[in-house]
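Order of writing sets the labels: A, B, C and D. Residues in every chain begin at 1.
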Amino acid sequence: MSETEKLIQLLVQFRDDRDWEQFHNTKDLAVALNIEAAELLELFLWKDANEADRDRVAEELADVFAYALLLADKYDLDVVDIVERKVQQNRIKYPVDKAKGSAKKYDEL
Amino acid sequence: MSETEKLIQLLVQFRDDRDWEQFHNTKDLAVALNIEAAELLELFLWKDANEADRDRVAEELADVFAYALLLADKYDLDVVDIVERKVQQNRIKYPVDKAKGSAKKYDEL
Amino acid sequence: MSETEKLIQLLVQFRDDRDWEQFHNTKDLAVALNIEAAELLELFLWKDANEADRDRVAEELADVFAYALLLADKYDLDVVDIVERKVQQNRIKYPVDKAKGSAKKYDEL
Amino acid sequence: MSETEKLIQLLVQFRDDRDWEQFHNTKDLAVALNIEAAELLELFLWKDANEADRDRVAEELADVFAYALLLADKYDLDVVDIVERKVQQNRIKYPVDKAKGSAKKYDEL
């Protein structure tokens, strides 16, 4: 079993022990992911990038991974597969010769 | 090398081929993660949970994983480790006997 | 009629001309508000604060106000009233002598 | 002085009494707006639209208005003006005959 499959198994077990699947529809999982992403972002508010607390970043980032993994599980998506596909797409959207050193969006390159 | 390490290697290679590390400070990565999480959420806007398009969910979820992995890399955090620690913390915050079948936050249980 | 009441009337008219109230439950309005806030934030991604385009900020900020006003309308909340109350609460949470010159959250002051 | 101008004056006074303008660059204000929008959204997490607590909605919505107004002030944007312009634009993007009863985005109509 792969690393992400093991994490999903752990998260699903935690969820099912608490009978929480009834709340975990995909829309609310996406809502939860946004809330956790915002809690992570709050660690940087009014601060320079290097001033966030690493331990708290670890905790909030873990929550982001947890909901992202639960969503992947709900849609039966393989994390490695979807990330590799997206990188492949982005190689086309952001060719090295155009995108190198530029922070512009693909539609402005 | 583990699954997440391989994904991080792929993402870092993509980034470095484009000389983008100069933009990827941790605060902007957290901002990017929030933007991608919102793009994922938009697939559910004005809809029931089951009406989102699975292929587009896969794409937006891939972006969420990409920025979450790049952040983990910046802080030298092991994904499996931080998720396991968080689940362990949540076992204490949400004991089965109190949390079972309830969607309440730990401070309202 | 006050300024915000006039704006709400304009937005409600636009919505009702399109028969969109059926989609505008409070939860989806809150989702929409988050999506628009993220689109605003995207104008600052990988950039310094002063590099965002003012015209695009105006457009995205208008969307944020639109959904915030529609939510206020749904709950029959007066914008001036709720903002004044919140400032009053924050005067207590952030007393001048403690908060002056500090970016800390009230629970860390 | 208009309603929104009075609110901005109140918020600016609160900010300046605490010497907080040094933290309030436009990028961090946009970050703060996203965090407050997510806190509002959290009131709906795992719930039906009608189950959010109105008093807490009022509080979080007030925070959203506060940061949106402070951003408008930073860019010297008139709230009524930008919302009216956006509604005018949306009349073109979402013509009544095409958009009526549909939740589709303008590029899918």
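The rule we apply is simple: a contact is a pair of C-beta atoms (placed from the backbone, for glycine too) under 8 Å apart; a residue touches a chain by one contact, two chains touch by 3 or more.
As the structure is a prediction and not an experimental result, all values here were calculated from the model.
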Listed pair (B-D, A-B or A-C) duplicating the C-D contact set, over half by residue number: A-B
Rounded Å distance between chain B and chain C, as computed from the means of their C-alpha atoms: 25
Separation of mean Cα positions, chain B and chain A [Å, integer]: 2
Multi-chain contact residues (two or more partners), chain D: 23, 28, 31, 34, 37-38, 41, 44-47, 103
Arrangement of touching chains [line / ring / star / complete / other]: complete
Complex interface listing, chain C residues touching chain D: 2-4, 6-7, 10-11, 14, 17-20, 22-23, 25-28, 30-31, 33-34, 37-38, 40-41, 43-44, 47-50, 52, 54, 57-59, 61-66, 68-69, 71-72, 75, 77, 79-80, 82-87, 89-91, 94, 96, 99-103
Interface residues, chain D side, partner chain A - complex: 23, 28, 31-32, 34-35, 37-39, 41-42, 44-46
Residue ranges of chain D touching chain B (in the complex, touch as defined): 31, 34, 45-47, 103
